[in-house]
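Following this message is one structure expressed as structure tokens.
Chain lettering (A, B, C and D) follows the sequence in which the chains are written, and residue indices restart at 1 in each chain.
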Amino acid sequence: MEDLQSHQDERGVPLDEVGVSGLRYPIRVWDQARERQATVATFEMSVALPQEFKGTHMSRFIEVLEARRGEISLGTLPQLVEELATRLSAPSARVLVKFPYFLERAAPVSGAVALMDYECAFEGRVVTGELGKVADFTLEVTVPVTSLCPCSKAISDYGAHNQRSALSMRVQSVDLSPASMIWIEELVALAERSASAPVYPLLKRADERHVTMQAYDNPVFVEDMVRNVAVQLKEDPRVAWFEVRADNHESIHNHAAFARTSWRREPSG
Amino acid sequence: MEDLQSHQDERGVPLDEVGVSGLRYPIRVWDQARERQATVATFEMSVALPQEFKGTHMSRFIEVLEARRGEISLGTLPQLVEELATRLSAPSARVLVKFPYFLERAAPVSGAVALMDYECAFEGRVVTGELGKVADFTLEVTVPVTSLCPCSKAISDYGAHNQRSALSMRVQSVDLSPASMIWIEELVALAERSASAPVYPLLKRADERHVTMQAYDNPVFVEDMVRNVAVQLKEDPRVAWFEVRADNHESIHNHAAFARTSWRREPSG
Amino acid sequence: MEDLQSHQDERGVPLDEVGVSGLRYPIRVWDQARERQATVATFEMSVALPQEFKGTHMSRFIEVLEARRGEISLGTLPQLVEELATRLSAPSARVLVKFPYFLERAAPVSGAVALMDYECAFEGRVVTGELGKVADFTLEVTVPVTSLCPCSKAISDYGAHNQRSALSMRVQSVDLSPASMIWIEELVALAERSASAPVYPLLKRADERHVTMQAYDNPVFVEDMVRNVAVQLKEDPRVAWFEVRADNHESIHNHAAFARTSWRREPSG
Amino acid sequence: MEDLQSHQDERGVPLDEVGVSGLRYPIRVWDQARERQATVATFEMSVALPQEFKGTHMSRFIEVLEARRGEISLGTLPQLVEELATRLSAPSARVLVKFPYFLERAAPVSGAVALMDYECAFEGRVVTGELGKVADFTLEVTVPVTSLCPCSKAISDYGAHNQRSALSMRVQSVDLSPASMIWIEELVALAERSASAPVYPLLKRADERHVTMQAYDNPVFVEDMVRNVAVQLKEDPRVAWFEVRADNHESIHNHAAFARTSWRREPSG
């Protein structure tokens, strides 16, 4: 049968990305305690297509993924990306894996335990350019938190509006070595101490009292949460680059307030 | 050309609904002040298909809608549904129109004015049964409000968690006469006085102080909001049936809390 | 600390449902081969609230779920619902669990194997009424399939428009005994033979040729798919009730076409 | 009342963006024929926040928008962005406006007319940097089209799988003068002639026959659609930069295939 995709293309247009998206697959992710967690991911996988080729072979993306049957971790994603580039004879490849990740959380007073979900993503890329091959890896974690408005607290005789916020961090390490690895668990903790209070899966009445007062004692603007996270990430020598975004699902408005910043470590001389 | 849809079907399976969904069309809606508001709707339109027909003619749904070029109101939707049933020779027809609706809102202290969006829907049905033809019309309005937790307030030394809630009401009138018509504006007002405080598009500092304390002074559980709405709807003689649902986007959890109830007026003897 | 939720309510409004929604939790589901599959579910859990109680205790929903740590199956969901009703002293309870479910699928010619996702739901209810306690259980499976338009094929000299369709089945068995249990795998197979062709996770060129011609040889309207499924479900003595809906993501329009029917087995005399 | 937002911040973290998102507002857009179309937009509006300020004044975003009551066009958006920067004393500002836009489309044979929706966005930015103030404006249009797979056609004895695709174009002009303005209507036409066939709101049987054969006669891979658009945009002297992405909602898979490329005109010497 004819292999149309391998035909020559004359239009002179290289494609940055060709691939598949919206592909759901079960995966297993290693957590910080070196145990494996089963979850369900949505994949976007692509390669660059040089201008002389008419098309890519989409089925190979699935084959590469299926061959690993979902063993995906911060450690193994770079290999998967590499394999994709090789298998599809492509100069560049990219894999984005989004998944909910669960952590056991204990309520602050009662100690009642349940699981809470955090939306995470791994993104791996390999790019072959003039200076050879470059790989990078980005970890993204979105942490739901409580934020209480400092302005509302300061100007009101009592009370203060507060809401659920989403604090998203995208982080790249200085290198791909195990020593430079940043864990989901670390970013969750960092986000929670940058907000008014954590959000929990299960709170008994004594816990609810605790988080209500904790939030009132720690008011933060959406700008503050982003800055609190940024200051801590800059101080971490493992971090080479980050982007932080906070979204407040305002309790007094029908829209959200947000703030965003990004930073790259200066190359040391 | 062959008209396959008009062929005979032998499987003996009547279909409750056949039609189109996810169809976006600009519409104009009459408001309570008898002025027209331009907005964008998403339509779901269907007819019942008796067991002897192989298919319906989907293009006629669009033709019926296009013929009116988006003049849709509480008053004219019943005619559109009627027309659909006639045009498609169907015993029953249904039209669901979802759209955002905008109201000018003034902030409570500064009086600063801006527009706020409310998600609304009109649903019209006509059904031909053993007792002849029956038509009904349902108005749905979802109102964003603030809710402040009574438990959190009662058990804490200071503060109280609060959040944006969505209060949805679906209402049918006792008949389709103008005197029995219930307006979007009325349901918005009813929802807002059933919650801890309204939500506004634009608040200056003096307004923020006002709504912060208003919410603290009026704590409500998700159950309370539904009941507050229900009590008022029962007392309104125009109301024949309603369903009310409240969803709290909890500021202390990563899930929502909800409550729901429905009611039908007893036929008077 | 004060337990406000247990206070008396005077408004005279019973609530059909009070509970939590949008709660994500990892679960393990038993498949037809009696093996367990790990996936991630979204829960909606509720109880009825009699008119005399002010509120329910939301944290108990999470406790009941956490106690089972995600062991959810067609067999165990009824127990979970029962436990919820008992734990919250409620006359009725409902649990809706939505999750993606994965099956290994082999391509029709090459035999190439990969996993494909099907969106599923279990819904369990227990209701205490005048005649005592009644429980029901509903299985929902949505199967992506290919549909090719019979009209387009019949009236064109060559070609025929086709598209991905979603075929959703909600089924209740005649009783909750193991012999009456209907499996996800059965509904997937039933949906696929009711469409123009199945949809696969991985197709090589020989497979693509096969499914292209298979679809052209089996054209179906959206109405046909619903009827094909309905005919087969009626013939299955385990089935007491079903609702079937098909949605065609039309390749020639920017909206969808859909059809829907429902059926209940007559009580045998 | 205290103005906390104007306080000094000591953390040394400038924010790239602070603002509001998910804000719905009715707007009026000028079309190519110089007539105004009413639609509903979702806004994201932000300014940069220098490191020395604690917060921005969120209510001013709404005031700036409300003052114009929704008069938004390719011509006036740059002024709105400018006004935002001035009003909030910010070095940079950005406004993203997403909205459905409707065009009257006539079916290819019957001439039957109806409205079709296209998802569009305007994005305006002003950035004050070392070289002074720079403004840019991006137009985004997503056009639903039909794509028919060339491989499937070539290897099958009859038929060919096809599907709805979304062809998204983001375009910046060489300058903001009226002569360089690119219209939504132009990008819709360009996308449609780059695909297998257009998608229509209303097709009678003769039209359905026409588009079925048109698609079969013009098979395109997802890669081809992106390249067809790219070739034409490069030849247009008004275009300074573009990004094109195509997504095929595969009729034979449960995932999508996509391709993407971007290009910037070399500064002429």
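To be clear about the criterion, a contact is a pair of C-beta atoms (placed from the backbone, for glycine too) under 8 Å apart; a residue touches a chain by one contact, two chains touch by 3 or more.
What you are looking at is a predicted structure, and each value in this text was computed from that prediction instead of being measured.
Across A-D and A-C, the chain pair carrying more C-beta contacts is A-D. Using CA-based centroids throughout, the chain positioned farthest away from chain A is B. Averaged C-alpha coordinates give centres for chain A and chain C that are 30 Å from one another. The mean-CA centres of chain C and chain D are about 36 angstrom from one another, to the nearest whole unit. Centre-to-centre separation between chain A and chain D, using Cα means, comes to 26 Å.
The set of chain A residues that touch two or more partner chains comprises 1, 23-24, 117, 151, 155, 201, 203, 205, 209, 254-255. Those residues of chain B whose C-beta lies close enough to touch chain C in the complex are 1-2, 4-5, 9, 11-24, 44, 46, 49, 54-56, 58, 150-151, 154-155, 221-224, 226-228, 230-231, 247, 254-262.
Of all residues in chain C, only 116-117, 144, 146, 148-149, 151-152, 155-164, 197, 199-201, 203, 205, 208-209, 211-213, 215-216, 249-255 touch chain D in the complex they form. Contacts from chain B toward chain D in the complex involve residues 1, 3, 24-26, 37-40, 59, 62-63, 65-66, 100, 102, 112-115, 117, 201-206, 209.
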